[in-house]
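One chain, chain A, appears in both complexes that follow, with chain B as partner in the first and chain C in the second.
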Partner chain A sequence: MQTKTTKTILLNEWRLLAADRTLRIVLPLFIVLFAYALANGMAWVRFQEYTVQVVREGNVQRTEGLERELTAIQNGAQPSSPFRDPRNANVMGGRRGARAVALDPGPLTALAVGQSDLLPYYYDVSIYTNETTFLQNGEVENPLNLMVGRFDLAFVAIYLLPLLVLAMGFNVLSGEREQGTLALTLSQPVSARRFVTAKLAFRAILVLAAAIGVSLIGILISGGFGSTGPLGRVLLWCAALTVYALFWFALTAWVNSLGRSSSWNATVLVGAWLVLVVVLPAAINIAAGLLHPLPSRVEMITAQREASNDAVNRRSELLARYLEDHPELTGGDATDEPNRAALAWAATDAVNQRLEEVSERHRMGRDEQNELIRRYRFFSPALLVQELLIDAAGTGDARFARFQSQVRAYAGQWQSFFVPAILAGEKMSADVLPTLPGFNFVDESLGDVGQRATVPLSALIILVGLVGTGAWVGLGKVRGAG
Partner chain B sequence: MIRHIVRKEFMDVVRDGRFRWCAALVGALLLVSLGTGWVQARNAQKELAAAQATARDHWESQGEKNPHSAAHYGVYAFKPRLALSFVDEGVDSYTGTSVFLEAHRQNDFLLRPAQDATPAQRIGALTAAQVLQHLVPLLIILLTFGALAGERERGTLRQLLATGVGRLELAMGKALGATAALALLLVPAAVVGAAAIVMGSPGPATSPLVRGAVLAGIYLAYFATFIGLSLAVSARAPSARAALVVLLAIWVVNGLVAPRVAVDLSKWLYPTPSAIEFAHTLEQEMANGVEGVDRPDRAAVTQNLLAQYGVERTEDLPINAIGVFLQESEVFGDQIFDRNYGALWDTFKRQGYVHEALAVTAPLLAVRTLSMGLAGTDVEQHRHFAAAAEQYRRDLVERLNGELTENSRTGEVYLASADLWSQMPPFRYDAPEVSWVLKNRALSLLMLGLWLAGAFVVVTYAVRRAEVA
Partner chain C sequence: MESGQESRIENTSEVQTVDASETLADSAGATTAPVLEARSLSKRYDDVEAVVGLDLRVGPSEIYCLLGPNGAGKTTTIHLFLGFLEPTSGSAHVMGLDVAEEPLKSKTHLAYVPEQVMLYRNLSGLENLAYFAALGGKESLPTDRLTEILGEAGLQADAVHSRVSAYSKGMRQKVGIAIAIAKEADALLLDEPTSGLDPEASNEFSELLEQLKDRGVAVLMATHDLFRAKETGTRVGIMRHGRLVAEMTTDEIGHADLERIYLEHMHD
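Up next is the complex of A and B:
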């Protein structure tokens, strides 16, 4: 009996919706917006994939160039320039032989551009890689376009999807009352709870089918299923979308249960959207900026200047200290007459250490601010879902930070390879090239992503639970008459 | 009569709890964002000014050095926060803060604050300008969507018109009533803003008060446009609810959809090169030159000098040939930089025009452009600063090459005395005049003017044709 009633409601809803002019316009409009957003995201992925390919090809060309010249020198030719002699360890390990490392676009970048238009996704690694390397800009992009942001699926989902939900449901109960059909409906063996739930569930299926359908098509077309472990990411993406949409449906149900007019519902729901999606994230950011202002990077430049001035003046002293600190690097026989490259390296190392200190202080300041934002983000479902969506897509901060830290480690390996040779004044040959350390990005495992997602996803689910309970209780009090 | 309408509207609105809440919220956000914006801009400016002074200290205390080594040592330029940047942060978070000025190279601006921020800040950054551009129009919609449609629904429109009041007069009264209510939050904000400018602006700017006044005018025109549109929709919509839905749709397109569509459209029409392509082209052209711009040849430069001075050996030249060669290389490099960076900036400029042109669909795009322009935080003024820094670099390197050329002979190891560095003028930046900004942004001025005129025409037409019942 109960399921049959639900079926009847659903069937009637379908007929009603099919006849509703507004929805006939709004829903297809949304599918168009979704598709447009997807096309946009896919164009961006293609651009990034192409760039990554160019970056990697550059490595091959650079290595080939070095190999040619080294072989020629071995056969008696002169180096092209004494400053660029690839036999010197500080040239082969320096800018001339630098190894470019690139991060493949996140598995679902086509769905959420996230931070990928802003943060650098490839670096040149050499013995000169230090903290300033990570200050470089990302892709060439008009600052105006960066400020506005992309029209991607995540944008449509965060900002526009709630509006679609509100438009579909704001009068789900109040409309019936205003038409005078509510008393009649509730005189049937159906409760207001069941009635509203069925009506909203029907709409939720429509909205989610559109949102998730377009997402899946996008993932299929962009070949996302092919690469490593994206299935979990896809599930997380769909789960985040679903829970977020459910939050707005639950809120719609709750507001409807209060028994006010349709226009009151509409105003309140739009107000709620404004507060949760626009005002609260802004307020949280303003608070974070006031309580824990982000330390500026300007200090880094001054520190670098001062450290290198200082280091240049004290090169010999620094080298002596460096060798004392790293006896293993000299192979036991400390050279009495340090070569110029060794002196230069000692200065570079001193500057790097100072930069690491400054950078560490900056990172701590940044973490404090993030901590505050993380604590208060629970108030805004928009912030929670944004975090989930871009994290699922692999375009959030975490994946970029992971890339950066692996590049840092790789730069360390690169230095360990070349520095002993620089200190010993050892010459390099073409045989060294294949033995150079390589870079392999170890991408996040599903566990990493899942672990990060647990808190925001649970928080969203709890929000849905709270609002849903409110709606449940409220709907229980709804009577047809009066 | 109109005075009564205005008074009645104003009292209605002010007594409405919903409006009081919304207005309090928007007003508070406006004041808070003005205040925090001002504090943050001032702190940032203090730090930038200090860094600029330190950079100069470093430059002056180089000690004895070859002038060309000094050119390699270089100097940093820091982009100041201009006086009105606290009202509208514009693209400041997305442009670099600092540029290294050295021999041979034009460098990119580094240190974009946004790169250090969390993604949350990208959806939630709120400045006074954003409150004015997004939230005040929403408030206007809430104030006016029922102005005529509501009267009609309640049947009071017929009564009102029966008293002999003209339709246009009625609409005017409604508009002025809404304006008076809005003034309750806008006037204090304007006073606070003006006080902040007068009391001590965060950074340098040309005539900040004039800029502030024009800015206020721009926003008033924007609000007037919204009041007009809102009343027009209210006059023609079948019900107050329908009017609200239509107006909210307009608001979403204006504030959310159109700006982002403009991004995609601008990138599609005027694509930017990828960073790696850009760097590659620059490197190629620097190495090989391009058509008509050839890399100077050191031997040829020396030969020319020998012929010019009529001597046989470089040692006999009264000047340092290397200095001349270095300067010719600079001139060559500058041409290559102008070609490449010039083309990139021009692409940005064209992309900016796309945003401005799309203002036909959304007045926000025109207002945003003008607002950033007047606050001095748009892309064009970043370019203005970048050009000033680059010009300073070129002048500095030229003077240093001149010192090398004039004061030493070819092949000699020359060290300039330690007091030479303080003789080089320090970097100074003059922000452009208001007229420069407005001339650059003529398209947006036109668009805003069209919207204002259009709204006036539409509301007149709609009110004349409005059904009474």
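Up next is the complex of A and C:
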């Protein structure tokens, strides 16, 4: 009986929506927006893929150039410049032989560009790699993009999907009351609870079919299904979208259950959207900046200059101290007459140490900011779903932090390879090139993503549960059409 | 009704005071089980007593007209039978089911025609009927049968597939009656159904009620129209300040009697 009633309401909704001109316009409009956002995300993926390809080709060309020059020198040719002699370890390990490392786009980047256009996804690794390397953004970006965020599917889902839900549900009950059909409906053996739930369920199916349908098409077109472990990410993406949409549907049901007019419902729901999606995230962001301010980049630059000047003046002293601190690099024998490269390296190391102190304060400030945001994100479903969507896409902080961490480790390997040779004044040959440390990014596992998603997804589900309970109780009190 | 409280119940043209627990149906010796029954039914809104200790029984093939001024409690009574309101005390029963305890089950026996039958404007009369009839819990009826029912309710054949937005009030009310027919409701609750209808449409409406009565449907109709109540109703109850102050069978009184009794009670 109840199933039949639900089917009857769903069928009638189909008839009503098919006959309603407004919804016939709004829904396709949103599908167009979804499609445009997808195209935008795919354009970014193509750009990132192209950049990564150029970076990797640059590595090959650089290595081949070094190999040619070293072979020529071995055959009696002269280096192009004594300061660019690739036989010197500080040249081969320095900028001439630097290795560029790049992060491939996340599996679902076409859906959510996330931090891809803000955080660097490629670095030049050399013996001079230090903390300033990680503070730079490699891309020249359209400032409007940086200001408003990229118009991708995640943006549409987080900001505009709620508006579609509100447009489709703000008068789900009040509209029936205002047009007078509620009296006739509730005189039938159907409760307001079942009536509203069925009506909203139909709308939810339409909204989610559009959002998830476009997402799946995007994944299919961008080849996301072909990469490693995307299915779990796709499921997480769909789950996040579904729960987020359900939150807004539950909220519309709750507001409708209060028995006010459609215009009142619309005002309250748009206000809720403004607070939960726009104001709260911005307020949390501002609070994070005010309570845990980051040191200025100028401070980093000043520190670098001061350390450089100081290091240049005290290079011999620094080298002696460096060799005392790292006896393993020289086999325990300090050089009496240090070479110029060794002196330069000692100065570089001193600068790096000074920079690490400043960058440590940066890191602490950022960690504190993240902690504050993590603590208060539970007040905004938009923040929770954003975290989930970009994490599912592989464009969130965590994957970039993982990349950065592996690049740091790789830079350490690179230095460990070259510094002993610099200190010992060893000459490099073409034979060394194939033995240079290589970089292979080990991507995060699905388990890592799932573990991170547990808290925000659970929080979102709890929010849906709370709001849904409010709606359930409220609708239970609706008995008549008054 | 609160214990000991006495309501003047007038029977026929002669004033007769009886205990409120003994309604006219009882005194008339109605032996069939009532389709609609109010037992000491009361509803209070804050300081206002909307319905006070109402005892009422409407049997099959009866048309019971509730008369009274605005605010007398007629609509509240109907809403109590529909389960739209929760009684403060007492109970409303439909086919023996307590409405407050089994609201959905009791509604399977009811059909409701409000003063303004509001349907989905973008759908046709037929689509509206198909929807509400299915929502009423009956098996899905074929389109031919639904069209036939609309015809039985008096809707012109060329209006069946037209959008309801083009319907007059009378046409919408016919769809309301068609819903009751399709649902095979045991009881029909009508709230000022003829208000705003022209005399011809009112007559048609009365004929429809007669047909439903002949099918055994119990009708409870709230109305201001004394003439229509006398012509259509089998019994009439007069409400004032939430109380049923008089009750009579219509075949034993004339139009003038009904008007006189009504006015007497309004001027008490």
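By definition in this document, the second predicted complex is superposed on the first by the 476 of 482 C-alpha atoms of A that agree within 3 Å, B and C clash if a C-alpha of one lies under 4 Å from a C-alpha of the other, contacts with A are read in each partner's own complex, and residues count from 1 in each chain.
What we mean here is this: a residue touches a chain if its C-beta (ideal position, glycine included) is under 8 Å from a C-beta of that chain, and two chains touch if they have at least 3 such contacts.
Just so we're clear, the structure is a prediction, and the values are computed from it rather than from any experiment.
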item	value
Partner chain(s) touched by A:47 [first = chain B, second = chain C, both, neither]	first
Which of chain B and chain C A:131 touches, first, second, both or neither	neither
Contacts of A:69 with chain B and chain C, given as first, second, both or neither	neither
More chain A residues in contact [chain B versus chain C]	B
Contacts of A:479 with chain B and chain C, given as first, second, both or neither	second
First, second, both or neither for A:179, with chain B first and chain C second	second
Touched partner set for A:349, first chain B, second chain C, both or neither	neither
Partner chain in contact with A:190 - chain B first, chain C second, else both or neither	second
Chain A partner contacts - residues on chain C that touch it in the complex	79, 82-86, 103-105, 107-108, 110-112, 114, 116-123, 127, 131-132, 134-137, 176, 179, 189
Interfacial residue positions of chain A with respect to chain B in the complex	22, 33, 40, 47, 50-51, 54-55, 58, 114-115, 118-119, 122, 135-151, 155, 158-160, 163, 167, 262-263, 266-267, 270-271, 274-275, 278-286, 289-290, 293-294, 296-302, 305-306, 309, 362, 366, 369-370, 373, 377, 382-383, 386-387, 390, 396-397
In the complex with chain A, residue positions of chain B that touch it	18, 22, 25, 29, 32-33, 36, 39-40, 43-44, 47-48, 51, 54-55, 58, 76, 78, 90-91, 93-98, 108-126, 130, 134-135, 138, 142, 240-241, 244-245, 248, 252, 256-257, 259-264, 266-267, 272-278, 344, 347-348, 351-352, 355, 378-379, 382
Of all residues in chain A, those that touch chain C in their complex	1, 4-5, 8-9, 11-12, 15-16, 19-20, 179-181, 183-191, 479-482
